[in-house]
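Letters A, B and C mark the chains in the order given here, with residues in each chain numbered from 1 onward.
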Amino acid sequence: MTRSATTTWRRAEVVLAPVLLGLLALALWETAVVVLELRPFVVPSPTSIGAELTGNAGIIATAALSTALNAWWGLVIGVVVALVAAAVSAAVRTIDEMSAPLAAAAAVVPIVALAPVLYTMFGASTQTARVAVAAIVSFVPVYVNTLRGLRTVAPVHRDLLRAYAATRRQATLTVTLPGALPFFFSGLRVATSLAVISALVAEYFGGPVDGLGKAITSAVSSSNYPLAWAYVVGAVVVGLLFFCGSSGLERAVLHRRSQR
Amino acid sequence: MRRQVLLGAAGVGALALLWEGYKLVAPDDGVVVGELTVLPRTNDIAMPHLWDMAARAFEPVNSATDALPLWVAVLVAAAFTLGVAAVGWVVGVVVGLGTATLMQRFRTAESALLPWVVLSQTVPLIALAPLVRRWGSQLEVGTFDWQDWMSVAVIASYLAFFPVSIGALRGLSSPDAVHLDLMRSYGVGWWRTYRSLRLPAAVPHLIPALRLAAANAVIGTVVAEVSIGLRGGIGRMIVEFGASASADPAKQWSPIFGAVLVGLVAAGVCALIARGLARYRVSEVS
Amino acid sequence: MNSSAPTRATATSAGTAGTPAGTAPDPHAAAAVEVRGVTRRFSSRSGEVVALSDVDLTVRAGEFVSLIGPSGCGKSTLLRLIADLDEPTAGELSVFGRPPRVARQNHDFGIAFQQAGLLPWRSVRTNVELPLQLHGTGRGARRARATELLEMVGLADFAEHLPHQLSGGMQQRVAIARALAERPSLLLMDEPFGALDEMTREHVQTELLRLRAETGAAVVFVTHSIPEAVYLSDRVVVMSARPGQVREVVPVGLGEARDRSDDVREDDAFFDRVRAVREALHGADGTTPRGVDRR
């Protein structure tokens, strides 16, 4: 095979392989359900899920919007608070050291477990508790990553700025902040998917009856498994939109910066 | 080191002070803007005093005569949750390592699988948890009875799997070309290269992945306990005690601290594993 | 480059005539760098390390001085002390008659390190503009100066590229352009070519000589390569390790350093000076200290 033919095939493979695998998996799934006569509570067939999805597009979208809004506001609040906190911790060493064990613990602790308590604190009939869960969950990775970014300055850059007698403000603007930007974005990427997941999961723990999580559980309890799966597809779409949003923002900002 | 411990303790203390301070200063109904409660209510139901939480932990769980003290019951539940999470973690790590090895060995497998693995990390697949609810009661594979806790472990392993497969793939592909050439010049086959070069080289990437997988497994277990309705674990206990919060507000805090404990123990175990592998982690990447 | 270089004969005659190294110093001008009895000790877990012990050194204005020695001889420490990136335990330094701190705040010197240290998110041009921007030069003037400098180092076509799109040698040339941005009368360079391959290295060395001839700056140049030190310098300061001390100062005397071209590398006089520096490094026992590049 010639070299160009190899690269062409390689490029085609990158796109084709996952698509083919996905289609193959769907086909296998469908055949398995039909041939093995699996009952819907084990797994419903993709076609029946598809039928529920198109048949109930409206109510699925409504539920998805409710969950997405909670995730969105939680994400916004969490990120803003995390940025302020990271700036303070970067400036004041003592606060950084005091918060270090709390931040480490928050990263490994199931924060959604706070959901029932938050429902009592903010009221079980409003969405506030779910927003709060999403905010706390998205706070953690953004805070930890941004702080690390603000603390990571290459020694050669530090020397350079000192040799040029740069003021603290100049050093922050020219090196520290731009250097921390990629760290912030990797935190944001984690926070985005966590915000959606936790806003949805918080619904399992109580609160008002709208949203994807509640919809899934109620579809399951009425044994309408294909509909429950259709709601899961809705959740996947919400997750994807959030993911595309944050990685699009990351790409736009980091790209524009390198264009200057 | 000592300074770190002292300041860390001061940090925890500051959090406690914040709790009590806010409770003291803010109005009972929280700060309400329009219809929206923006800052939490501070009445004793929403925010019990820390000392009430502590005192409640030493009282019996309920009024039954043989009731255990609350803290013992919480520890039992925490151990149960930790056990299920551990099973999920082990399964997730094994499957994740296997997938990564497959992807490393066969390039087509990597192009076919990797996008799906990455994609699945960004979507809330934990939403599936309620869907496996009935597996426990109705699924039988031959003479083998499917148990409810296994459904929970499946969810946990599912969440643990992703970071491990990504981290392991990155790690297995990390050896320098010069080392690979060295192995090739020794005439060493794929399997020996894998064992003596790729696997050790993967350790620095694997350790953060294992830690993340452990945290995910714990979260998955707690959430799946709630959505599947598995009794005996900390997740279910939080919801149960939360339902009676108006009568006994301090009670639900014990299982919450139990959940924190489970997360910390899981992280601690990972730290021990990392210490055991210290020889291989010259530079850990995060 | 070769077209504008002096002929081989000129270089040779200058070398064999035994002209005293460097330009004749102006007795009234303050020395570019004065180091008097400087000692620097570091305390570490395994005890105290004397990086520099009682070092004296004078670098005249416009003079090119190399510091060479085995690893751990404190040559980089000495450079960092001159740049006020570190402070001496004892002794005094001055840069153009002022304490290093004042010199640093007056932007009296340009500096380059072993790593190019370019900011990865800035274009080549804005990297060169950095010192000017930090010191409040206007946008237009900054731009003009950067363009001029990039032409000087032969990278005008790469002005809008990002550092990672450039080879190591090109990055290092950008770093040198940055060091020259404010027309400093002193350049401090810490093994700037250490990471480059031999061919790129020789090319960049010649380029540095030309640039320095155009600017007339004094240079303090840390290296571990003997031929590099000889080729570039008016004087080579040979240092010894543990404790870091000046062992010998070898005048190069290959004529004006600014007039040298690649041809000098093949001169007998050049080899003679290389031998002199090598002997100074090895001392009486003739063993090669570790960490010295013998190329």
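We adopt the following convention: contacts are C-beta pairs under 8 Å (C-beta built on N, C-alpha and C of every residue); 3 or more make two chains touch, one makes a residue touch a chain.
Note that this is a predicted model, so its numbers are computed, not measured.
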Shared interface partners, meaning chains that touch subunit A and subunit B: none
Centrality ranking, top chain (CA atoms only): A
Averaged-CA centre spacing for the pair subunit B and subunit A, given as whole angstrom: 17
Inter-centroid spacing, subunit C versus subunit A (mean Cα positions, whole Å): 50
Averaged-CA centre spacing for the pair subunit C and subunit B, given as whole angstrom: 55
Contacts with two or more other chains, residues of subunit B listed in rising order: none
Of subunit C, residues touching subunit A in the complex: 80, 83-85, 104-105, 107, 109, 111, 113, 115, 117, 119, 121-123, 126, 130-131, 133-135, 162, 188
Subunit A - residues contacting subunit B, complex: 13-14, 17-18, 20-22, 41-42, 94, 97-102, 104-105, 107-110, 112-114, 116-123, 126, 128, 192-193, 196-197, 200-201, 204-206, 212-213, 216-217, 220, 225, 228-229, 231-232, 235-236, 238-240, 242-243
Partner subunit A, residues of subunit B touching it in the complex: 3-4, 7-8, 10-12, 14-15, 30, 35-38, 40-41, 45-47, 107-108, 111-116, 119, 121-131, 133-135, 138-139, 211, 214-215, 218-219, 222-223, 226-227, 234-235, 238-239, 242, 245-246, 249, 252-253, 255-256, 259-260, 262-264, 266-267
Footprint of subunit C on subunit A - complex, ascending: 154, 156-157, 159-166, 170, 174-175, 178, 181, 254, 257-258, 260
